[in-house]
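Letters A, B and C mark the chains as written, and numbering starts fresh at 1 in each.
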Amino acid sequence: MELTIEQLAKKLGGSLVGPGRAVVNAVGPLGSAKPTDVTFYNNEKHREALGTSQAAAVIVSTPVEALDKPQIVVGDVNAALIEALCLFAPPLKGPTPGVDPSAKLGRSVVLGQGVSVGANVVMGDNVRIGDGTMIGPGCSIGENSTVGSHSRLDANVVVYHNCEIGNHVIIHANSTIGATGFGYSFIDGAHRLVPHNGGVVIEDYVELGANCCVDRAKFGNTIVGAGTKIDNLVQVAHNVVIGKCCLVAALAGISGSCRVGDGVVIAGQVGMADNLEIGSGATLTAKAGVMNHVAPGEVVMGIPALEYSKARRVVVSTMNLPKLVEKVKALSKRIEQLEAAENDKK
Amino acid sequence: MELTIEQLAKKLGGSLVGPGRAVVNAVGPLGSAKPTDVTFYNNEKHREALGTSQAAAVIVSTPVEALDKPQIVVGDVNAALIEALCLFAPPLKGPTPGVDPSAKLGRSVVLGQGVSVGANVVMGDNVRIGDGTMIGPGCSIGENSTVGSHSRLDANVVVYHNCEIGNHVIIHANSTIGATGFGYSFIDGAHRLVPHNGGVVIEDYVELGANCCVDRAKFGNTIVGAGTKIDNLVQVAHNVVIGKCCLVAALAGISGSCRVGDGVVIAGQVGMADNLEIGSGATLTAKAGVMNHVAPGEVVMGIPALEYSKARRVVVSTMNLPKLVEKVKALSKRIEQLEAAENDKK
Amino acid sequence: MELTIEQLAKKLGGSLVGPGRAVVNAVGPLGSAKPTDVTFYNNEKHREALGTSQAAAVIVSTPVEALDKPQIVVGDVNAALIEALCLFAPPLKGPTPGVDPSAKLGRSVVLGQGVSVGANVVMGDNVRIGDGTMIGPGCSIGENSTVGSHSRLDANVVVYHNCEIGNHVIIHANSTIGATGFGYSFIDGAHRLVPHNGGVVIEDYVELGANCCVDRAKFGNTIVGAGTKIDNLVQVAHNVVIGKCCLVAALAGISGSCRVGDGVVIAGQVGMADNLEIGSGATLTAKAGVMNHVAPGEVVMGIPALEYSKARRVVVSTMNLPKLVEKVKALSKRIEQLEAAENDKK
């Protein structure tokens, strides 16, 4: 796709400051944008990079003074950036609509309109797929499971039986939904698996990364709430309930039966004990080891995780601990001297 | 499946206290059980929840006094719970016995009786599969590898060549058994892969989660001992030997050539240096970074991991470190005053 | 393969010390080598084990005195070990050359000479595969992506569209290359995915473990530099640039837009904040939580990561913190006594 800057400004609903004749065909960041790229500017600390950027034009929220470059002024740079990236997305053929002849569908499978089922897909009995949904090659969907409309399962995703995946959901390649959770009872000298009669519910607009695991529940359902976005290699254990619009970064692990509120941010490599309650709006910073409930809006850090300001004091004082050791040594000497002086007097 | 409480008590080998006519069709936990669920009670701290539970009946180990609900008294609540969950498991058709026509089997493949081989399975030459074993769709099993009897490989599991998987083993979807380990020698300015001539042995009754990796050995075998259960997204490196009946939780990593005893518990996100000896019955608590051998029965915690009581003292004193800093500051002032007094005397 | 010790010495370009008639057919480590194994010795701390090893012969770099065993003296034990392991590798049929009839190739796919395409492979339009490359069963390669010559993608690897994989690359089973990165903008109360118009470049001689994820870039490419080796279950986020000849161990996570130099060692379960610069030759020790840029050659440790010697002092003093607490308590008492003495005088 090629557009003049003027055309692009119109499509983004923005107003143009400067000449609009030049043609752009891609989006690039300030530092590496080419002369045929449009770039974007949403952070004053990049003002210098903006000055030297080779981009043909820049998307801004307020006109930048003394800038020798066409500017497209929009209400929300991030939203305009998403639109521009969609406009200039590399052209792809995408998946072919219809069911690939190599796909193997069980009995009573129901497919909506415009569904695409890739090569070598396997679906059990009673699977239902909503309108416009794309099931990538090599996916396996267990009996009685459903995928809503306008969703996308990429290659080799495995969904076990009795799982419910909503509308506008994206699940990236090699992820596993509905494997049995890690629940054992030690009986007669052996770990015996507790049957997992429950399922998984992935609500609308959830996006799951590649090679993720969401385990099925023992009872009821493991739930990932609407609009929640999960990165790669994340573990969501059995009976976890994640609220709406959360963010979960890579390699995080959410243990069994944890209840995570809405809008929670779980950073990379976070782990947590099971059965915890994480309040809405909480933030668990990277690598936190969460051992206790977290209040709504609270930010926690560290292993074990503490409230942020407390954790910060602990971290700072730990970093300075070698100095403290020296200080105590010095104090000890001064006390010895005082004691010696005191003894002299006796 | 529907049963009267009386019928259920009989099936569980329990004795009934209270009326047995009502019908139940599922198991539910105390808090969310429906009026057609049987629930279970094995922890006094849930006594209040038991009182208000809507469940039709409860499985207990000793009769609970003053409870207005039928009770099924059994010897072991956990064992009865497993039985009840099996009884009320959602009915599934399960995999079809026989070999799916799309499966591609190498030469001299030997399949036991009642084996189910799913769609698009690929097996190399000389693969042998024991009686009653189910190979899920999209699995790939390399030449000379064997899977024992009554085992289950879920969809898209990959087993490389020369691996040996025992009886009654479960491997969840998207796991990888027998990839080459991470072993390199730096020669002439490049990392050169050390060939891994060894294999993997997964013993009987092992259960492996989804998206796990068990690497093949350089020499001999990487071994996962009988009855060991491994959660999702776990890394077992080359030449590791894990004993019997261990538990390994999600996102843990067991480094090359570690020898883990029997009955070891490795919690979530644990990591360890290579070549370590972890004694039988040891526990590595969540997120531990184990740098040294661990004695049998020992519990270790922290990064670097220390013996539990020692680690606890370190953690507690670290949490209180900001107070210690204040205390030292105050002591320092008092010493200054003492010194000033001392100087005045001179 | 069976060889006399003499034949083996010749093949390894080594000189033989001792008799050469005995036959060996495998390589084994000192402790567990059988009488038909050749073993290797490259570390003096194993001198005792060498004395008791059952191996028929040993590969050494300098002749060991008073050793009752044939020795093959070579310039580089590690290099000779690799050669010996190749010689004695278990014989495998390996993948069949040619395209399996069940593979599904898009339009304008170009395959080099001697390519092997396994069962159920799916390739989009315009995919190009270089000479001698093997694509394992169940792999999916998106449109416009390329794989160079003499590379190997093991079973069920997924490569998305517009990715570029070099020559002599190995990607182990169930890994995912080119999934969309974890980039969202919060707009009108929802996390909206930022389209990822970029791709992934995996350079020559890279080896990637099983169940790894390398996300595609928003702009430009996520790059893994030539000769870099990555273990299992590793996350490489969008727009990361990894240099040449790095090592990245299992369960590590490299966050968005990090720039990692050449020869960097990233140990297991390391995590890092996004947009960091890790200098060439740096080492990030196991479980490090890297929050800041790391200078070339620097070794960092801990959460948050500090320069090694500094981190070591912090760790050691933290381990001794309970003692420091006691010490401060004792000092406090001595100050009290001094103060009491001082008060007595007033």
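Here are some notes:
One rule holds for everything that comes next: a residue touches a chain if its C-beta (ideal position, glycine included) is under 8 Å from a C-beta of that chain, and two chains touch if they have at least 3 such contacts.
For clarity, every value in this text was computed on a predicted model and none was experimentally measured.
Steps from chain B to chain C, minimised over paths through touching chains, total 1.
On superposing C-alpha atoms, the copy chain A sits rotated by 120° relative to chain B, to the nearest 5. We define each chain's centre as the mean of its Cα atoms; on that basis chain A and chain C are separated by 25 Å.
For chain B, residues touching at least two other chains, in rising order: 102, 120, 138, 156, 174, 211, 233, 251, 269, 303, 318, 321, 324, 328, 331, 335, 338.
Chain C makes touch with chain B in their complex at residues 26-29, 32, 76, 78-79, 81-82, 85-86, 88-90, 92-93, 100, 102, 118-120, 136-138, 154-156, 170, 172-174, 205, 207, 209-211, 227, 229, 231-233, 245, 247, 249-251, 268-269, 286-287, 302-303, 315, 318-319, 321-322, 324-325, 328, 331-332, 335, 338-339, 342.
By the touch criterion stated above, chain A contacts chain B in their complex at residues 102, 104, 106, 120, 122, 124-125, 138, 140, 143-144, 156, 158, 160-162, 174-176, 179-180, 182, 184-185, 187, 189-195, 197, 211-213, 215, 218-220, 233, 235, 237, 251, 253, 255, 269, 271, 273, 289, 303-304, 306, 313-314, 317-318, 320-321, 324, 327-328, 331, 334-335, 338, 341.
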